[in-house]
Amino acid sequence: MNKARVEAFSDGVIAIAITLLVLDLHVPEPGSGTSLAHELAKQWPSYAAYVVSFLTIGIIWINHTAMLRRLNRVDHSILFLNLMLLMTIAVLPFTTALMAAYLKATDGENLAAAIYSGSLLLMSLAFFVMHRHLLLARVHFLHEHLTPEVRSAVLRRNARGLLPYAFATAVAALSPYLTLAICGAVAVFYALPATTGDTPPEAPIE
Amino acid sequence: MNKARVEAFSDGVIAIAITLLVLDLHVPEPGSGTSLAHELAKQWPSYAAYVVSFLTIGIIWINHTAMLRRLNRVDHSILFLNLMLLMTIAVLPFTTALMAAYLKATDGENLAAAIYSGSLLLMSLAFFVMHRHLLLARVHFLHEHLTPEVRSAVLRRNARGLLPYAFATAVAALSPYLTLAICGAVAVFYALPATTGDTPPEAPIE
Amino acid sequence: MNKARVEAFSDGVIAIAITLLVLDLHVPEPGSGTSLAHELAKQWPSYAAYVVSFLTIGIIWINHTAMLRRLNRVDHSILFLNLMLLMTIAVLPFTTALMAAYLKATDGENLAAAIYSGSLLLMSLAFFVMHRHLLLARVHFLHEHLTPEVRSAVLRRNARGLLPYAFATAVAALSPYLTLAICGAVAVFYALPATTGDTPPEAPIE
Amino acid sequence: MNKARVEAFSDGVIAIAITLLVLDLHVPEPGSGTSLAHELAKQWPSYAAYVVSFLTIGIIWINHTAMLRRLNRVDHSILFLNLMLLMTIAVLPFTTALMAAYLKATDGENLAAAIYSGSLLLMSLAFFVMHRHLLLARVHFLHEHLTPEVRSAVLRRNARGLLPYAFATAVAALSPYLTLAICGAVAVFYALPATTGDTPPEAPIE
């Protein structure tokens, strides 16, 4: 099966999920008594969560293009794992809104933050599982020959990318702010171009 | 007429429908008195319906790619049947939300479940009608030569795929939970890769 | 300039507009006292408007593919007219919701229906203006040679397609139901495949 | 890395952002006592903002296609700057809704207008930064040879495009209506085809 429609469908779902994030930003009711500046300032968790999720989805898209670029065909097992990955991405507008709504609350804030970083952990895990399947069980679908050592190295780097999200989920019990900060730091770390500027785009999360 | 834009438009509609499902997940109001964990747990029908619909739309997309891959051109009759199929897919975020909202209600729950599985039945029927049209009335548009026996076999398998949804719709009168469970079982059955892992992706729903 | 991205962008906007129509369908609040069947039955204007708008946008997409297929390149004037056309399509989820909300009201129903069919008229007009520009002022961008007679005939047929919407807008003052019925009849007329089944897809609205 | 998926993803995000603008148009509640005509007339800021933002996003899409057409490959630094640009576009449905909601308010209207034109300024700035990076630091990725003089001229024109938005943001303190009018004038100026009709599409904002 040709992979062009898989790429088009994945691009569509990821582009929609990243753009739907804007629906989590709410316009304060005019004439509510307090000033607009005050109302908008109160919503800073929504803006912070928006930026972190936007960057994170953008990075996963970059990694997704890099992962699929290696393939010359797909089969049903790959379509299935790709669908699982897309589900974990498509749900992010919800977990982002949840985290933003509860960040400053005095009840539920730890659970909301844990769900947020947990959803990012799940997304990274789905990416890892799909990548592992391609590199270990579908070697004959790859364009280029990768030695077992290279493949193990790629997957090890990929697996290490799960650690910050696992840590962020764990510290949600202590501070939801810390969870958001860690997720944001991960996004900035992978989004920023390497100083050489010529790193192959698939480098980051792997 | 070239089929590339038909694929692009269909990919777009299906990708949007599958991603819009997330709008059916609602963030509980902070500070509502009960704990967030309790509020989220109460919403389990929404999460279950989300997963079932996401998988189902994902499968219909896989089957759609397989169906169109066989074609080397399209005409107005195909565009029309494709539009009908897309309408049955595009409406699923509504019927999914309806089912999720009423699953635990004490009134209307049977009707809501019947509408949900009925909408999946309608989608499968639209797929079957389009597929039948291609295989019987547009044979000269197909890339490969399929013997009448092969074509009948494909359509028979396709028609059998309607039965679980018809059954799920019928049992909605008894239990909406059973309806959801059947729809979920169908989704998992078709989504899971066959054990060989090399089944052609068009096999499942046909 | 290559037309591939114009097609991709137009497919995207049209696919999103047609899929966003589902957001106009509302799930009745559970436990509102009246039966779900009754509540859903009351919403029939929303379902009727959904189907009419879905078919209409689907037809305009078919005509759009046919129109662009004739071109071998685009310039800024074409991009501008295409953007105008896309704006008239992208606004349809709003005018559809407006018509559905007011169809059974005792105040505003005539205006809402006039706005609905007026928006369809505007869309057809934008299509006509763009088509006219291509056939008269951008002849050198066309793949095929069309004689002036053929071009006039195409545009005359195209212009005649405006009449039903103009009529539907006029009768909105008498009956919004009639307006919706006319718009629905137009959609069905153009959507249904011709009996030969091999009509070139660009035939309908032109 | 091939640029096809970058174009597809960007087309997706921009097409979704431009189409989501329609969610900012609200259907007045039927039976609210006042006439529908009156209610709709009261919403004119929403319609004006819709048209201005639709045109502006359409123009940035035209410029984006022109910018990417010059490239024959992309690297991580380009993907990162493109993601930043897409974020400034994806947020426009929010800032548009904010401006529309406050235009006629007696409190917060200046801030809302400043945020609106500020978001357009940010978008233009992100475009300029990305364009500058391509023309100065990624010359070896360009299809065509551009002399340093040509590149400076293109960037100077591009930088001049920031001025109207900076001015519109500054005058928001005086009159939000003036801010909207300036943003609208910019959109019309760049959207309208040049009289020759054959200007290369990348001319406008650069």
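Going in written order, the chains are labelled A, B, C and D, and every chain counts its residues from 1.
In this text, a residue touches a chain if its C-beta (ideal position, glycine included) is under 8 Å from a C-beta of that chain, and two chains touch if they have at least 3 such contacts.
Quantities reported herein were computed from a predicted structural model and do not represent experimental measurements.
The chains that touch chain A as well as chain C are B, D. Residues touching across the chain C and chain D pair largely diverge in numbering: under half of the numbers involved belong to both copies.
Note: centroid distance chain B to chain D, computed from Cα atoms, is 37 Å. Distance from the chain A centre to the chain D centre is 26 Å, each centre being the mean of its Cα atoms. The set of chain C residues that touch two or more partner chains comprises 8, 12, 16, 20, 23. Residue ranges of chain D in contact with chain C, taken from their complex: 7-8, 11-12, 14-16, 18-23, 25, 27-28, 30-31, 35-37, 39-40, 50-51, 54-55, 58, 61-62, 65-66, 69, 191-194, 197-201, 203-204. The touching residues of chain A, counted against chain B in their complex, run 1-2, 5-6, 8-9, 12-13, 16-17, 20, 23, 74-77, 79-80, 83, 86-87, 90-91, 93-94, 97-98, 101-102, 105-108, 111-112, 115, 137.
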